[in-house]
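Structures given as structure tokens follow.
In the two complexes below, chain A is the common chain; its partner is chain B in one and chain C in the other.
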Partner chain A sequence: MALLDNGKINGRQLMVLVFLFSVGTTVLVIPSGLAGIAKQDAWIAGLVGILLGILIVGLYVLLWRMHPEKTFVGICEAVLGKWAGTVVSLIYCLYLFMLTAAVLFYVSNFFQIHFLPRTPVVFTCALFAIIVVMGVRMGLESIARTSELMLPWFLILFFVLVTTLTPQINADNMLPVYEAGTKSVIWAGIIFAGTAYMPMVFLFALLPKVQDRQMKLARLGVFLAAAAGGLCVVLVTLLCVLILGPDYTMRSIFPSYALVKKISIGNFIQRIEAILAALWFITTYMKTTFYFYSWVTSLSEILRLNNYRTLTLPCAIIMIVFSQIVYPNVIYMQHWDETVFPPYIITIGVVIPVVLWIIGLMRGTTDVSRQPKITD
Partner chain B sequence: MKVSMKRCAVMLIVVFLLLPLTGCWDRRELNELAIAVGLGIDKVGERYRVTAQVVQPSEVATSKGSAGYSTPVTTYRASGVTIFEAIRKMTTISPRKIYAAHLRVVVIGEELAREGIAEALDLLSRDYELRMDFYVIVAKETKAEDLLELLTPLDKIPASKIYNSIQVSEKAWAPVSAVTLDMFIRDYESKGKNPVLSGIKATGNEEKGKQKSNVEKLQPDARLRNNGLAVFRYDKLIGWLSEEQSKGYNYIVNRVKSTVGHVPCPSGDGNIALEIIHSKSRMKTEVRNGKPKLTVDLRVEENVGEVMCQADLTEKSVIDALEREAEQSLRDIIERTIKTGQEKFHCDFFGFGEALHRSNLRVWKQMENDWEEHFVDASITVNAKVVIKRTGTVDNSFIVDKER
Partner chain C sequence: MWTIAGILVIAAFCFLIEIPSLKKFKKDLWTFCMMMLVAISLSIVSARHVPISNPLDWAAAVFEPIGESMKKAFE
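For the complex of A and B:
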């Protein structure tokens, strides 16, 4: 296998990445979806989603342990053979292509609605994409270190968000608890897991680059980071329900942004939403960068290229153009996210990994034995 | 040579980047904005008539130089089938585009309020420029445009005067309540609560109030006054609450921060004013034998603020008697207010239905579709507990027996 990227990341960096990855975009849109299905029980649905998410992350970790030195493309080829493997890998790339453009659409949509209503979308998309491409061209190590640098900012802003909003809480909005019923809560939980956790299947592009003296701890860290990211999202969802109420949360396109608009402490600390919006920029940047990184590295692995960097510019151009048409309008976007996305992401995020894992078990193609340096 | 070529290329890119980085595409300079602080909405026939109260920055700024040759605000009016069109149409009479991020109040004419205001409020909840922190107000017995054209003393900008006076009296005077758009929408959507909005009334000579001379007089020709709460069924105004009923309403929904009330003296001659320093209420709805029972638990802390008779305040029994008296008076106010809701308006604008929804989901599911009928039949229990804490800087009044 050609070494596409010589970068190595350690367990802690992986944790930070997983954390930001599970928060990114999810926090911006999911409160609305959850409240739409489970009303004031949206936060319970979120917790259910985290539990499901832990199972999903568990599946990925199992697959990772089975093939510690392979990317998703590599796993497919090893398990399914050259032809079938390539087909599945191409499907994986296609998903990445769609989702990268979709996330870019989200970013530009957010800008368009709240900040720059008269700036042509293609400019916001292109500017955002330029930084993404820059990050990806610099390689995994730079991205990982950037995410480590971003984490404190994220945490500070998140802390400000939660503390400045607590005075506005109206606990009555939460009552009656569990009106939605088990069915809605579980369905909403699946949507949550689908948005926050199943896209982690795309992190397989960087899992082989993880080098840590204690791989066991690194793997445990993935669970912790995923749960922590999920809890952040659930906390924001809970605040949305407690402050905006379930109906308004449901109607809002970006409820968590509507939430920070409410911040007002003594008529003095107020109108700070533009600062807090950095929360979303940091996390969506990380998410977009990873989708893009996974996409170009997977594609170059399929094409047997020696260097994925040659693909970044053409792919970026396709991505920007596609992001303009991936959703014809926001209503289509919401409809797609609610009805098409769940089965879509379950296919690539659950069904295919499970199949790969089971076939791997039956064939016994586990290369753990060939890795004596791994200490688990 | 090769290195310098590369350096040149980088320099060229940097220079080129200066062009797109000079600023924001959507920048709007202060001198291009017409900062709207108040928005009035009326309906004339099938068209909405929108009035925007816009700040004249040079008049509001404190520098002495330019101020004084015009009014501190000006208004623009336009009408359209939709409100958005009307606001955009204002560019035909205004040199600047209306900028609504600093909106303080939205005033709705009473006539439109009686027809229904939901359609008129959608834009305000949808547009990105607006925030949810402005108050929605009904112009009692008048059109919104007339109310927004009065000039006010002390606070140069009338919309900001309305905003501040509601904010201040909400904190100090129980009958006034500040309602923001999101509160209205939430109540409108709820099946167990109907909305209320605060009302503003113009008093005096409205025509003279529109002139600059209004603020040059010690006693202005026209003033704006907070005036009771407007009760809505869904989005239609169905009536007004009196001052006492507005007070009762705010006690019930736990929105009294501080206010002053009075009870008669123990001697029966004169009154004692009590300052409410803390008030906490809780609504409960229970259903027994298919009939709802509405309960309000109220706990109030008060100070004696003014004594207009001879009363021995050093005596504990007198204070106890005053507390019982105050409890009785609060109970009466609250009961009368709920009765008004049941008998006059047939409408639950307190949120007893929501209280039932929160506490007993199963019963609520049976009652939610005809909740108003159940509400009208409901029995009322008010548990008021008053505690008098302090008596100001003195205990007994200097007033001696008037029969002396």
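For the complex of A and C:
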């Protein structure tokens, strides 16, 4: 086995990572998508999404328990054999490559629209990519500790945001409750789970690095963190619906950003939307870093390289180039995210893990008895 | 022209950072050089505004029909 990364993280750090990862890009983008389908019931759809998400996280935890020492690439090779396993792992890498470029586009798009309209997009992309590559080159432990340092800031900013927004609430926007109907709510829930939870399959690159004296608690913590991250997003969605109304939420690209512009306390504290931007950069940084980390480590595991850091610089350049291409315009982005993304992410996030788990179960008895000998 | 010069300078910088640590590992060195070659040619091609195939279009070719039918089923 190639020596990829010696870093170890503990259960609490994993919780923080999962929390920030599930808030990720979701908090800025998803309210619009949910309101587009479920109108004022977007928040109910979010709750349905959390329930689905818990099931999905449960699936990942089962798969993790079955192969505690292996990354996704390792699981594929152990379960499917060398050739089929490599093919599936390459598909996994392709997904990661596309999603990393897409997330980087989201960041630069947001920057270009709201902060730096005259700066060429490539430069914002490159700047963001540089800090991502720095984090990944320093290794998992540094990233995990950074996330622990960022968490209090995230929570403080989130608290400020929610408390300053509550005076603006107009409960009439929520009525009539459950007008959208079951089908729309479930569909919106699937999209929510697809954006917030299914990408967690890419966290398999770091699950074998988790070392805790109480692995059971660490696994329970993943559920808690995932649910808490989802609840944060649902809260923001609910505030969007209550304050902006379903129509405006639906029509805007970044509704939660439009929402924060509404903050006004005594006509004195105003225009603090940079707070939301900061909050979003923290979570998106984590998400991009982990996409990039899993991409680079999986690829180097497939190629059996000595060190994954070899790939970081060329992959970063490729990522920047493709972030300019992936979404040619916002209309393409919305169509792709609405229509292509759900089946796309369900394939890697649900179908393949379920197949791996079932095949693992069928082979289970021999593997489990052999495993302790390998690990000792 | 300046963009391409800039790309080459950045690439040279990447080589300077990475090569010394890779001298012992032949396979890593080769992979790094190949990947850098791909990365440099891709960036030069995109700097010249030559259209590059979009990977999201490949995904759309596979998943768009499924997505459309899923959308219809839930409407």
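One rule holds in what follows: the second predicted complex is superposed on the first by the 364 of 376 C-alpha atoms of A that agree within 3 Å, B and C clash if a C-alpha of one lies under 4 Å from a C-alpha of the other, contacts with A are read in each partner's own complex, and residues count from 1 in each chain.
Just so we're on the same page, a contact is a pair of C-beta atoms (placed from the backbone, for glycine too) under 8 Å apart; a residue touches a chain by one contact, two chains touch by 3 or more.
Bear in mind that the values here come from a model prediction, so they are computed numbers and not experimental data.
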Requested in this report: Report for A:S264: first if it touches chain B alone, second if chain C alone, otherwise both or neither.
Outcome: first
Query raised in the report: Of the two partner chains, chain B (first) and chain C (second), which one does A:L305 touch, if any: first, second, both, or neither?
Result: second
**Report entry** chain B versus chain C as contact partner of A:D247, first or second or both or neither
**Finding:** first
Query raised in the report: Where does A:W153 make contact in the superposed view: on chain B (first), on chain C (second), on both, or on neither?
Result: neither
Requested in this report: With both structures superposed, pick whichever of chain B and chain C touches the larger number of chain A residues.
Outcome: C
Requested in this report: Name the contact category of A:E179: first (chain B only), second (chain C only), both, or neither.
Outcome: first
Report summary line: Dual-contact residues of chain A (chain B, chain C) none
Query raised in the report: What part of chain B is in contact with chain A in the complex they form?
Result: 24-26, 128, 131-133, 182, 185-186, 189, 354, 357-359, 361
Report summary line: Within the complex, chain A is touched by chain C residues 10-11, 14, 17-18, 21-22, 25, 27-28, 31-32, 35-36, 38-40, 42-43, 46, 52, 54-56, 59-60, 62-64, 66-68, 70-71, 74-75
Requested in this report: Using the touch rule from the top, collect the residues of chain A that touch chain B in their complex.
Outcome: 113-120, 123, 172, 175-176, 179, 244-245, 247-248, 258, 261-262, 264, 270-271
Query raised in the report: For chain A, which residues are in contact with chain C within the complex?
Result: 94, 97-98, 101-102, 183-184, 186-187, 303-307, 309-311, 313-315, 317-318, 320-322, 324-328, 336, 338-344, 347
